[in-house]
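Read through the structures below before going on.
Presented sequentially are two complexes of subunit A, the first with subunit B as partner and the second with subunit C.
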Partner chain A sequence: MKHLSIALVFLFAAASLAAGDIHGKVTAKGLRDSANAVVYVDAIAGKTFPAPADHAKMDQRNMEFTPKVLPILVGTTVNFHNSDAVLHNVFSPDACADRFDLGAWAQGEVKTNTFKKPCFAVLLCKVHSEMEGYVAVLPTPYHAVTAADGSYVIKDVPDGTYTVKVWHPKLKPAHKSVAVKGATQEDFEIAK
Partner chain B sequence: MAKCRRSTLVGFLMGVILVVLYTPSANAIPAFARKYETSCQTCHIGFPKLNAFGEAFRLNGYRMPKETEDQIKMKPVSLGSDAYKRMWPRAIYPSDLPGQVPLALNVKMASVYASSIDDTGRTLIKNDFQFPQEANLFAGGTLGEHISFLSEITWGENPDGSTETELERAHIQFGSFLGPEHLINLKIGKFAPDFADGFHEMLLSTNNGIDTLFSFNPIGLHGGAELADSGGGVSLPSNVKGVELYGVGAHRFFYTVGVANGLGVANGNTGTGSASKDAYARVDYKFGGMALDGDTTGVKLPPENWRERSFRVGVLGYHGSGKGTDFPFTDDAGNAVNIQDTTFTRGGVYASWFFNDLNVFGVALAGRDHLNTFDDAGTLENSASYRYRTWFVQADYVIVPPLQASLRYENVNPADHSAGSIRALNASLSYFIYVNVKATVEYHRDLRESKNYDLSTILRFAF
Partner chain C sequence: MSDSKELHREPAVTALRTRRRSRSLIALTGTIVGAFGVIVLADVGSVKHPHVSAPVSPAVITPVQGLSNLERLGLSMDSSGMGRTGQWGPAPTGDPLPLASVTYSGNVAGPTTLSGADLYRLDCQPCHQADGGGAPPEINAIIGPVQATSAVVMFERMKTMGRPITPAFAVQLANGSRKDLMDRLKNGGKKMPSFGHLKDGEIRALTAYLELLAGVPGAAERQSVVTEPGLRVGELLVKGTCHICHNATGPWPDPEELLQGAVPPLGLLAKERAINDVIRKVRHGTPVVMGRARVSYRGRMPVFEYLKDDEVSAAYMYLLIYPPENAERP
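For the complex of A and B:
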């Protein structure tokens, strides 16, 4: 019975990948690892996506933004948590994020900000200047953030041809035209 | 004539003592090996002598040419995120710290067998275990994108058991802060001046420094006659307290200009000291091999990183004033006098030729000193200019990577012709037990007198 369950899990996983995913690896040249690159489908002509009602979450934990890079759809509201026993602040100097500044707040409190325009907004903390995070505000809900080995999977992408872009906080962006049909592999290389 | 010869031998005796007591410190800094998790051989032909990459690393402010984040294995501690650069001047510009305290230690054990002739013509033999002879504590690293630092505290033990501790170097450096990368770098502090790049004592393959170049004393009753025992009045300073601009342009052109403290009142000298500053400059060009900024475009280099075929040539100059600093002497009539080196100028050429395993390099330098002699009452007795010439040539050869040989000839023609030329030979054979453990046998001899020599066996390690 246990073996049957495992087999079914693998079967579903394989079926899921076949149902319109873009997957592959991003190689971030010159960096320690290839984590935190955002791979996303660019705006699709004639198609809009409503902002989700659910809020996204960005935490400040152990003096770090967690996750380091948060991809969201345009119009999404992000809840900014503080899980540390010290005061934190979040602000962004980016005009595309309306240069918001949420002030300072203590552990357990939550502040929110809605990101209304496409943007790669840097998040900084005035209390701890070494902290750095990003919110990638994207035109479509088809996006993923790479793992340390550069792997990514963008799930549930309908078949079609799209411009797929890669953005990284430290490297130059890249893009490709990708024809998606079932499980589609596409690798990228980005550098300074 | 016999008196003159005796005087020369006494001079050389002082030189031998100088060699024994003031051997130069070695500049091998494992703190960088730890930071990049790389072998000493990445930068050294055999420590402390740098290879072409090590020279580019040094000139680049102790950073690898075209350095990338993944080359730095010891993750630095952030003192402000990169994105905070955009906040400047509304926030302090971000920086970082080395991931660990970037310390390194060099230790040198030496067994010195020295022969010399004293005032009475008697041969003196000293056979001394100097265990340890010297230890150097280095701190070197980078702060943020443009700043680097290097400091060295040296502890040494003299044959009489006394010890000395000195802050030999401590400088901060602002790299590539203006204009194209590598072109404009600023160094402030106490440092080895870059006019001696390529032949400074701390980066030589030999244990003995080039005393005829750095320790010749150009001050005397009839111009300089001998090596200095210590302190001021030397031909060229091996370390300066000052400010230096240097840079590399078009990959292969090197320049440096600096301003440094002049002669001071020290080591038995008297007077008010000089209020003026010394100035120096050097320009170089390197043909072939790895470029001075590490660029290898259009150059085919062998995988053995001590090898290349290149030729580097440059000119250097140094100008200063010792006005106000008295050097006490006794004149020919037995009267006490003071001599001031009111203005001094040095000009020279440097060349270094690499041909695979062989590196031949040398300097020819001419010096001019305007010496004012005052009697006890401060009345000017004599004012005259004196010239001296000095040169050396050294050949370093990598027999096999662990076994390296070096041979050097040194010569000074002092302004005081009665002293005769000072000629010396230095030969060494080094065996690298490990890349950071080096055993050297070195022979240094006064070519004017066969009984003036020293034979040293040195074990040096760095960690």
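For the complex of A and C:
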């Protein structure tokens, strides 16, 4: 059974390698760096994606949400960790995230929340008002978050033409129609 | 604007209800105290021991039990700030304070009125400090968690952030935070001990004071008091402060062990030490003479200047009248 699983993983990986990717740079104008922009393939007509069984992870570490922005597919459950010695809380006032409040919990404990609708949900901590993070709940599993230099890679995107969107917590969103064939480069510029 | 008014109205209603409840609580505790009997302090030999008429124990007072909070957590006084985050107090300046200058009324049977600030001093201050700041990361500040229990604070905070929320969601957030706070008080946390022995009136007065510390709007109008038997004050002080470092029971350390920093058990305190000595040690510090050079050293116990002589006296009497189980009666 184990061997079969490994074989299936390899098969899946091989199939994925055959697909292309979308890569490039996002320039966040007016900001110190271009990190934390979410680049994603928008909803594809006639195509749905089952919610993954695996949970995503958002940590609270050194009084910050880590990662600052977590992109997930709609229906994904996020495990909220606390790596700090102090109590933390997570809540979101956003209606598209069903306005949740997960209570307070200590280091090493985990709380979960399932994000059921597409949303850019802000995450806040009632105990520490300076903390702010985001979960980007997206319609497809094809997404990436930019590094500080703005670079991104969306892996394993099947060839085709898609609307590719960019979202950033502080800047106006942008979008482009992108024809993917193998490795495809696409750059974006976003501003206030 | 009307949303804000709606939120402000609710605490006013709660405060009114609180005042009514406090009045009936005062009437009730007055009766309990009346049945409590009279406690007279008298000198017996070198150790001043109280003579106590048979007390009719109110059910709410129970002996302190078990390991100190530090020992329960496997921590040492050196590795933790618990119990000594506030005043270390001044170092002794030579001769110890003369015993005659330690004054206390000895009236621990009569009713005592405690404000929320008093309850905070007895139960919270040794770890969370006078200003509620705690000692992060080991000891959480209470300010953030208490501010989060206020719908007004959450509503205004979110508006300032440019993420306005409805009054209903502000109330939902505040209620969740209040539940978390109550849960923590009643059950404790990983490090914080349980304060499940606090009664509703005490919790009401205490949380109103926490709100005052945290700058919650309207907190000043919600302050309340509780009237308690004096021994309850002693119980609160022992369970909230002394028990952080002192085990309830165990053998009394020999002089050498005491010099090396052994922490004596609460159960034998009244047998081994006179009440004046205890008050002096707790409130002013008593130098410990160390080594052949006879260097005065205050010892490891913090000095709790912010306590009152009568409160320490009540703690002593409480330990005498309600000794921990398995402790030898003095």
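Everything that follows uses one rule, which is that the second predicted complex is superposed on the first by the 173 of 192 C-alpha atoms of A that agree within 3 Å, B and C clash if a C-alpha of one lies under 4 Å from a C-alpha of the other, contacts with A are read in each partner's own complex, and residues count from 1 in each chain.
In the analysis below, a residue touches a chain if its C-beta (ideal position, glycine included) is under 8 Å from a C-beta of that chain, and two chains touch if they have at least 3 such contacts.
None of the values given here were measured: they were computed from a predicted structure.
Aligning the two structures on subunit A places subunit B and subunit C in a clash.
In the superposition on chain A, A:S129 contacts both subunit B and subunit C. Once the two complexes are overlaid on the shared chain, A:V145 sits clear of subunit B and of subunit C alike.
Looking at the shared chain after the overlay, A:L31 reaches subunit B, while subunit C stays out of its contact range. In the superposition on chain A, contact is made by A:A104 with subunit C only, not with subunit B. In the superposition on chain A, A:K170 makes contact with subunit B only, not with subunit C.
Looking at the shared chain after the overlay, A:V178 reaches neither subunit B nor subunit C.
In the overlay built on the shared chain, the residue A:N89 is in contact with subunit C alone; subunit B does not reach it. Two complexes overlaid on chain A leave one subunit B stretch from 79-87, 133-141 or 241-249 clashing with subunit C, and it is 79-87. Once the two complexes are overlaid on chain A, the subunit A residues touched by subunit B in the first and by subunit C in the second are 93, 122, 126, 129.
Within the complex formed with subunit A, the residues of subunit C that make contact are 136-138, 140, 144-145, 148, 154, 157-158, 163, 165, 169, 172-173, 176-177, 179-180, 184, 189-190. Contact residues on subunit A toward subunit C in their complex (touch as defined above): 84-87, 89, 91, 93, 99, 101, 103-104, 106-107, 122, 126-129.
Contacts from subunit B toward subunit A in the complex involve residues 68-70, 75, 78-84, 86-87, 91-92, 94. Per the touch definition, subunit A reaches subunit B in the complex via residues 29-33, 93, 122, 124, 126, 129-132, 169-170, 192.
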